[in-house]
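Structures for review follow.
Look at the two complexes coming up: subunit A is in both, with subunit B in one and subunit C in the other.
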Partner chain A sequence: MNRQIDSPIVLLGARLLSPYIMLFGWYVIIHGHYSPGGGFQGGALLAASLLLIRVAGGSKLAELQIREFATTPLAVIGVVIYFATGLVAMMMGGHFLDYEALPIPGMEPAWLRYTGILIIEVGIGLAVMAILIMIYDNMVRGEDYA
Partner chain B sequence: MIWEVELIIYLFLALSAIVALEVKDMLVAVVMMTIFSFLMALLFVAMGAIDVGFTEAVIGAGVTGILFVVVVFQTSRKSND
Partner chain C sequence: MKALKILILVFFAGIMIYASSDLPFRGDPDNLMHAEESITGTTVKGSYFIQNAYRDARTPNMVTVVLGDYRSIDTFGEQVVIYTAGLITLLVLRRSKRRSE
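Presenting the complex of A and B:
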């Protein structure tokens, strides 16, 4: 890539926009069970907010957010959250991902279902975010843009 | 939705697709693909598929655009000879 002059305007715009995109991503994940969106869309929004900083600021700025070695464990943690919730429900006598069978004491079945879906969506969002960032990091490996 | 607005969106959709296919500069093609994705998301929402439109807007207009830009910068090198 032909070197370009560092543009402070692009970096300022990215820094201004990134926190709001991230906040909206968490909103989409947390409200995923009764509004459009969900774990995948929210995770993609979180990844977009982090990728914006990575594109605009380069790897030196990106190291402050999520380093490259942290993406694979985060993705694995997300998948483990998903399958652990399903398998715990299975072990407690329900079907796979049967949220009513989750062993959380003192909760109505309806609230239990809400909580189960919330846990699942946090796991999915974490996995999607980490894998999209991992794809970007593997694509630009060794070369620093911006 | 008002059908005139939808018709205008369809026209811009076809225009952005043709420009993305015919243009020589790859960066312009990537931007046109992003515009195509966003107009497609608008049409999905207008047709009532809000979830599909949301996914299209986030993935097609957000993450894929960044990845395409990276691919363009990695494959096009200015030769010095």
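Presenting the complex of A and C:
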């Protein structure tokens, strides 16, 4: 592992591909209401775009993108977004995760459900992205080049 | 021995191909799982989701509605499972500072 040479061509290719994969990941999350996709798939794509830079550029370059200590709080935030959506709905008088009771004024119940599904998909995507990066960072700690 | 292995593989491949010829066509509305009543006369539970998913959540993709709304507690469990897997890698693979020195 220590004798690897970092190649600028590989890094250039990864830098070219990474933003488009990230954009497609957000598209898969947000457009999950209308096409196949959702939080898990989109989160995996977001993690792929970030891990591409980590594999090609090493941990020093990746620190500019998303720091290692930031992954665990991001995962917690993702889980908390989901849980808080259910808890707020329960506190406003509905059942747990009953989006009809969410306190957003001026929306009929069907559109409230639409919004609630969108919120939890974003939470799932954030958690899946952060956890996949966390697993990679823990596995290669101290062993990657550059 | 190798001939026997290949013979067994070909046998099972034949069974699979024979069974797949009997599968219903995808998207055919006359399929049993798309019917409102099953062959025993009871109502099929999935037909509720097919009929009411768009009316309840204004979302054309009914898989998303089932995953995020009707069965949202199950999805929450899946997310917690992934979160637990991440935490376990944190516990098992992260070396302590004392040992790495």
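Just so it is clear, the second predicted complex is superposed on the first by the 143 of 146 C-alpha atoms of A that agree within 3 Å, B and C clash if a C-alpha of one lies under 4 Å from a C-alpha of the other, contacts with A are read in each partner's own complex, and residues count from 1 in each chain.
Here, a residue touches a chain if its C-beta (ideal position, glycine included) is under 8 Å from a C-beta of that chain, and two chains touch if they have at least 3 such contacts.
Just so we're clear, the structure is a prediction, and the values are computed from it rather than from any experiment.
> Figure out whether A:I135 sits in contact with subunit B (first) or subunit C (second), or with both, or with neither.
Both partners, subunit B and subunit C.
> In the overlaid three-chain picture, which partner chain does A:V122 touch, first (subunit B) or second (subunit C), both, or neither?
neither
> In the overlay, answer first, second, both or neither for which of subunit B and subunit C A:A75 touches.
A:A75: touches subunit C, not subunit B.
> Return first, second, both or neither, reflecting whether A:G86 touches subunit B, subunit C, both chains, or no partner chain.
Touch partner of A:G86: subunit C, not subunit B.
> Check the residue A:P36 against both partner chains and state whether it touches subunit B (first), subunit C (second), both, or neither.
After superposing on A, A:P36 lies in contact with both subunit B and subunit C.
> Looking at the overlay, does A:A14 come into contact with subunit B only (first), subunit C only (second), both, or neither?
A:A14 sits against neither subunit B nor subunit C.
> Which partner, subunit B or subunit C, is in contact with more residues of subunit A?
C
> Just to be sure I read the superposition right, which of the two partners does A:R113 touch: subunit B = first, subunit C = second, or both, or neither?
second
> Could you say whether A:A44 touches subunit B, subunit C, both of them, or neither, answering first, second, both or neither?
first
> Take the contacts of subunit A with subunit B and those with subunit C, and give the residues found in both.
On subunit A, the overlap between the subunit B and subunit C contacts is residues 36, 38, 40, 135, 139.
> How about subunit B: which of its residues touch subunit A in the complex?
For subunit B paired with subunit A, touching residues are 50-51, 54-55, 58-59, 62-63, 66-67, 69-71, 73-74, 77-78.
> In their complex, what parts of subunit A are in touch with subunit B?
1-2, 36-38, 40-41, 44-45, 47-48, 51-52, 55, 132, 135-136, 139-140, 143, 145
> Taking the touch rule as given, give the residues of subunit C at its contact with subunit A in the complex, in rising order.
Of all residues in subunit C, those touching subunit A are 55-61, 63-65, 67-69, 72-73, 75-76, 78-80, 82-83, 85-86, 89-90, 93-95, 100.
> Would you tell me which residues of subunit A are touching subunit C in their complex?
32-36, 38, 40, 72, 75, 78-79, 82-83, 86, 96-97, 99, 110-111, 113-114, 116-117, 120-121, 123-124, 127-128, 130-131, 134-135, 138-139, 141-142
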